[in-house]
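What follows is a short report on a single structure.
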Amino acid sequence: MTGTETEPELKQLYREFDRAGLVPLWTEIGNIMPQTPQSAARPHVWQWSDLYPLAERAGELVPVGRGGERRAIALANPGLDGKPFATPNLWAAVQYLGVGEVAPAHRHAQGAFRFIVEGEGVWTVVNGDPVAMRPGDLLLTPSMNWHGHHHVGDAPMVWLDGLDIPLVHQLDAGFFEFGEDGVSEKATPERSRSEKLWGHAGLRPIWAEETPNSPLMAYRWSDTDDALEQQLELERDGFATVIGPGHAGIRFTNPTNGRDALTTLRTEMHRLAPGATSATVRTVGSSVWQAFRGSGTAYLDGQATDLDSGDLVAVPSWCPLRIEAHTRMDLFTFSDAPVYEALNLDRRHVTPNPNDR
Amino acid sequence: MTGTETEPELKQLYREFDRAGLVPLWTEIGNIMPQTPQSAARPHVWQWSDLYPLAERAGELVPVGRGGERRAIALANPGLDGKPFATPNLWAAVQYLGVGEVAPAHRHAQGAFRFIVEGEGVWTVVNGDPVAMRPGDLLLTPSMNWHGHHHVGDAPMVWLDGLDIPLVHQLDAGFFEFGEDGVSEKATPERSRSEKLWGHAGLRPIWAEETPNSPLMAYRWSDTDDALEQQLELERDGFATVIGPGHAGIRFTNPTNGRDALTTLRTEMHRLAPGATSATVRTVGSSVWQAFRGSGTAYLDGQATDLDSGDLVAVPSWCPLRIEAHTRMDLFTFSDAPVYEALNLDRRHVTPNPNDR
Amino acid sequence: MTGTETEPELKQLYREFDRAGLVPLWTEIGNIMPQTPQSAARPHVWQWSDLYPLAERAGELVPVGRGGERRAIALANPGLDGKPFATPNLWAAVQYLGVGEVAPAHRHAQGAFRFIVEGEGVWTVVNGDPVAMRPGDLLLTPSMNWHGHHHVGDAPMVWLDGLDIPLVHQLDAGFFEFGEDGVSEKATPERSRSEKLWGHAGLRPIWAEETPNSPLMAYRWSDTDDALEQQLELERDGFATVIGPGHAGIRFTNPTNGRDALTTLRTEMHRLAPGATSATVRTVGSSVWQAFRGSGTAYLDGQATDLDSGDLVAVPSWCPLRIEAHTRMDLFTFSDAPVYEALNLDRRHVTPNPNDR
Amino acid sequence: MTGTETEPELKQLYREFDRAGLVPLWTEIGNIMPQTPQSAARPHVWQWSDLYPLAERAGELVPVGRGGERRAIALANPGLDGKPFATPNLWAAVQYLGVGEVAPAHRHAQGAFRFIVEGEGVWTVVNGDPVAMRPGDLLLTPSMNWHGHHHVGDAPMVWLDGLDIPLVHQLDAGFFEFGEDGVSEKATPERSRSEKLWGHAGLRPIWAEETPNSPLMAYRWSDTDDALEQQLELERDGFATVIGPGHAGIRFTNPTNGRDALTTLRTEMHRLAPGATSATVRTVGSSVWQAFRGSGTAYLDGQATDLDSGDLVAVPSWCPLRIEAHTRMDLFTFSDAPVYEALNLDRRHVTPNPNDR
C-alpha cells in the first residue's frame, strides 16, 4: 500500500506505533485473516508401536503422584512449536498406570475423557463414583468433576486421555484444584452409579435436571459395538442408516439434552466395513482419530498413511480427510466441533467418493 | 353489580347482547375465571376386573376394521358429560385384539402410545417398522406416524392406549389419514429398527437430527425395571437417587433432546417400595395412572381407593394425589404436563409425608 | 362395524359400557378424530357500530367494581353454545370505562392485552407501573401481573381486551387473586417504567434475565405505524420486505428472547396498501382480527364480508382467510399460534393470489 | 516427581519423546493447567491523545485500498509478543478514513463492529445497505456480511473497530473474500434499511426468522443515551433499575433472540453517575473498555489509571476491574463473554463496594 518516497517517514511511524503498543493491520492482514484456514498445526500420525514402549519406559522411570498428577505423555503437533498440543484446541495423551498405582484426585475446568484401547483393571473415581475402564469404553470426567484413578489389575494399563487443555489455555479459563492424595473409594463395581442411574436408553430419573455435560460417565463398548453393527446390518437390508456406504457411526451424547457428551468436545465412534471408504471431509475445527480395531489407510490432504490399532492421527482445521478400511475398521475420534457450532463458525465441505452410488 | 331499578333496562340490554352475539364478563367471571382450577372432571377409578371382561365381550361382538379403526374402549370421566375423555386433555382406552386380527393402518395428528399390562403376540407396525408388544413395555406412535397392529400370538391381548385426543379436539388440530387395510409388513422381529438405531443409552447415529418426538418407538420393561430397581438400591446405599423415600421413578424421554418422549404427553413409571408412600402432590394439568404390578391405596383429594394390577385412575387438574404401596408397587402414568410447561402455565404444590425424614 | 344379529347383545354391551364409565371409540371416531379440523366455532363478524352503543348502554346501567371486575362484553362465537368465547381458545371483549371510573386491581394466570381503537385518558397500572392507553397502542398484562385501570380523561373510553381465557379454562389452569379495590398509583406519566427500561430497539438492561412474557408493557402506535410504513416503502424501492405484495406486517415480541410477547397469544399488526389483497391462508388454530383503520373485505371460507374501523372477525381453525383492502387498511390480529408451535401441532396452507407476480 | 539416579535414563527418555513428537504432562502441568487463569496478556491502557495523532500520521503516509484493506491500527497487548491483539481473543483498532476515501468491500468469517467516539461523514455499506456513522453509535458487520466504507464528510474520521480476529485465528476458522474495489452504493440515507426494518423495540417483521447475529446494523446514540439516563432516573425514584448504585448499563442484543448482537462478542454501554464507583469484578474472559464521555479512574488489579474520552483499556481474563467516575462517565465495552457462556466456561466474582448500601 505504500510508495517509496514516504519510506523514511513510514519507518519512523512504525517505530512510534511500536512504542505506543500498536501494530498496523495492513502489514499483518495476510497472516491473521487468511482466505481459508491456514492452520499452523500439521496433519500428523503417531504410531502405537512407538507410543506404547515409551509409555512403558516412563512407567519405570517416572513415579506418578501429586504435582505431576498423571503419567500422561502428550502428542505434540510438529507445527505447534513443541507445545504438548495435538491440535490448537485438543490435547491427546497416552496415560500409563502400573499395577497398584494411584493417580491422585484433582479437578479442573478442562473437560476430559478416556478412551481405552487395551488392558483393564483400573477404576477411575469420579466424584466418589468408581467407574471401571475396559477396552472400547469411553469414560467422561467433565469440567470440575473430581477424579482419580487406581489400578487393581495385574498388568499395567495404557489409555488415551482427551481434553480441551489447549482451548482452555488459550481462553485463559483454567481453574485447577488438588483433592485427596490417594483414592479413598476403593470399591470396584461392575457398574458405576452413573450407569445405574443413566445407562438406560431414553429413561431419565424423574428428579433429574438438564446438565451441560453428560451425567453418564461411561459408554460401554458392548453397546457401542452393537449400535454400529445394527447400522451396517440395516444398511444391508436396504435402509438409509449409515453416514455413507459401509460407513456407520455414533456420537456420544448427553442424555439430558441430546447434545454432545461434553460441552467443548465431540466424541464419536466410526465403523467402516472391509473395503469401505469414507467421503473426503474438510471441516472448520480440528480432530484426533484413533484406530481402535482393524487397519486401513488415512488420506490427509491427499497423503496416504497406514493405520493400525492404536495409531493416532491429528487433523488440522480444513485439512481434507478420507479413510479407507482394509479390514473391518473401528475408529474413535474426538474434535472441537461443539465450539464452532456454538459460535456459528462451523463450516464443512464433503466430497463423496466417486464410486459411491 | 346492579341495582334493582335498572333491572328492566338491564334485561333489555342482555337481550340485545344476546342478539349481537355478546356475553358480559361480569355475570360469568366466577365460572370462567375461578380462583383455583375447578375442573369439571372428577377423580375416578376404573377397575381392571370390570374393564377386562367388557373388552373380551367387545372382542366377541365387534369386529375390528376400517371405519371404526380400533376395538378401543375409552374411559369416560363422569364429570365430562359422557364424552370418551379420561380427563379434559387425555384419552385412555383399553384396546382388545384377537388372535389373527389386524387393526388397519392409519395416521393422525394425535400423539399416541400403548402401555402393556399383560399378554403378548401383537406387533405394532410404525412407519413400516414392526415393534413387538410385551408386558411393561411402552410403545410410541407419535403424531403423523403410520401405524397398524396385527396379532400373531395364541391368546387375545388387551392393552392401554393413551392419546391426546381431547386436547387436539379442543384445539381443532386434528388430521387423520387412512392407510392400507391390512398390515403388509408381517415380520415379527425381537427388536424393531428404531430400537436397533436408538436403543443405546447416550449413543446417537451421527447422521440423526433432533426430532420433536422420540425416534425410539419402544421402551422395554427389562430396562425400565432395572432403572427403577437401581434407584431404590442406591437409596438403600445412602444416595439421593429417588423422588422421595422408597419412591423411584423414571421419565420416558426423546433421546434427541432429552425432553418428553412425545411433545404433548409426559410418560413415566414409578415404583414404590412395600409400605412406602408418595408425597401428596397437586399439579396444574391432569394425569392418568395405571397400577402395573402390586397393590396399594390411592388418596384422591383425601378419598382412599384401593388399586390392583391394571386399575386406572384419572386425576383432574389441581386434585391432590398420594399413593401408598401395600406391596412393592409399579405404576405407569401419563399426563399433559408438557403442554403446561410449554405455555408457562405449570404449577405444582407438594406436601411431604409427615413421617418422612 | 357390526352385523345385525349381534345387535341385542351389542346394545346390552353398550349399556354395560355406560354403567362402567366407558365409551367405545368406534362409534365416536368420526367426531373426535376428523380428517381435517372441524371446528364447532364459526367464522363470524361483529360490527363496531353494534358493539359501541351496547358498550355505552352498559356504561350507563352497569357499575364497574369488585366482583364483576371489569365492564367487558365478550364476543360469543355463534358455534360455541353461548359461551363468551370468540374462538375455542380466544377471548375478545370490548371494555368500557367511564370518566373517573376505576377497574379494581387483580391478577390471574390468564394472559391479557388491550388494543386501543379510539379514545384516551385511561392508565392501566401493571404491577404498580402506570401505562397510558392511546389509539393504536398494544398494552400487555401478562399472566400473574397485578393490574387495574383508572380513567382521568374527559370522555368514556372503549377498547379491545384479548385473553386466553377459553384456553386456560379448558386446561383447568386458572388462578385468580383480588388486589386493592381502587388503584393507589394515580400518576399519569407519558411513558411507563417498562417503556423507559425496555423501549429501545435491541438495548437490554444488563441486569435483566430472560422472561417468558415480554417485560415491555406498551407497544406504541407511532412505532408500529413507522415499522409498517417502512416495509411498504422499501417494497416500493424493490426490496423483499413484505409478507406479500402490498402487505406489510409486524409481530409484537418479547425483547428478552425474540419470541411472542405473550406465551399463549400471538399479536400482530398488518397493513395493506390500497387495493392490495393478502394471500389466502388457512392455519391450524384460531384468530381474531380487528380492522383498526381503513376499510376492506374479508373472505372467510370464500364468504365476503365488509370491514370498517373497529369491526371484529373470528376465524376458526383451518378456515381460509383472505383480506382485500379498499383503502389503506391496518388490521390488528391475535391468535393462539404459540400454543400450536410449542406442541408441534402447527400447520399452515397458503394460496397465493393468482394475480401476484 | 523424579529421583536423581534415574536422571540419565530420564534425559534419554525425554530425547526419545521429543523425536517421537511427544511431551510429558508432568513437566508442563503448572504452565498449561494453572490453578486460576494466568493470562499472558497484561492489563493495559492506550491513551486517545497518543492514538489520534498517530492515526492522523498514518492518514498522510498510508493510502487505503485493496490488499491492506483498512487503515486500521491495532492495539497490541504488551504481554502478547507484539501480536496485534488487544487480548488473546479480541482485536481493537483505531481506523482512520480521510475525506473522500473509500475502504474497499470485503467479507470474512470474523465478526466486527465499529464504535464511534467522534466525527461523522462516513457511511459503512453492509450487504448493500448504507449505514451512517455518528458519535456514540454502535454499528455491526457480522460474520460473512459484505462491507466497505466511504467518506462524504468534510473532515477525516477515526473510530474504534472491534473484532474477534484473535479468536478466529486461534480457532483456524478464518475465511476472507474480496468484494468490489470501491463502494457502488453511494446513497447516504439518515436511516439504513436494517434500521427501518428492525429499529422498533419489540416489533419484528412477520416474515423474519431468527438469525445468529443481529439483523439490526446500527444502535444509535440517542437511544442508548436515553436508555442509560432512564435507568439512573428510575434509580433516583427508588427502583432497582441499575447494576449498582449510580451505575447504569445496557447490552446490545439481537432482536430475533434477545441474545448478544454478535455470536462471539458482547457489546455494552455503561454510565456512571458523577462520583459513582462500579463494583470490583473479575471475569473469566477478557474485555476492552473505551471511555466515551467523561473522565474517571480505572483500577486494574488494584493499579489506578486515569481515563479520559477515547482512552482504551485491555482487561485480561480474571483481572479485577473497578471504575470510579469523576464526572458523569460513559464507557463502551466489548468482550468475549458469549464464547465462555456457550462453552459453560464462564465464571465471575464480584466484590461490592464497601460503601454501597
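Note that the chains take the letters A, B, C and D in the order they are written out, and that residue 1 is the start of every chain.
Criterion: a residue touches a chain if its C-beta (ideal position, glycine included) is under 8 Å from a C-beta of that chain, and two chains touch if they have at least 3 such contacts.
Because the structure is a prediction, the values reported are computed rather than measured.
Chemist: Quick check: more C-beta contact pairs at A-B or at A-D?
Modeler: When the contacts at A-B and A-D are counted, A-D has more.
Chemist: On a C-alpha centroid basis, what's the spacing between chain A and chain C, in Å?
Modeler: Here the centre of chain C sits 52 Å away from the centre of chain A.
Chemist: Take the average of all CA coordinates in chain A, do the same for chain B, and state the distance between these two points in whole angstrom.
Modeler: 42
Chemist: Suppose each chain is reduced to the average of its Cα coordinates; what separation in Å results between chain A and chain D?
Modeler: Whole-Å distance between the two chain centres: 31.
Chemist: Specify the contact topology among the chains shown, as one of line, ring, star, complete or other.
Modeler: ring
Chemist: Where on chain C does chain B make contact in their complex?
Modeler: Interface residues on chain C, with respect to chain B: 1-2, 6, 9-10, 13, 16-18, 20-29, 32-39, 41, 44, 46, 50-51, 54, 57-58, 61-65, 67-78, 82-84, 88-89, 93, 108-110, 143, 165-166, 168-177, 212-213, 263-264, 284-286, 316-318, 336, 338-340, 342-345, 347.
Chemist: For chain D, which residues count as touching chain C in their complex?
Modeler: Going through chain D, the ones touching chain C are 193, 196-207, 210, 214, 216, 219, 223-224, 226-227, 230-231, 233-234, 239, 241-243, 249-258, 261, 268, 270.
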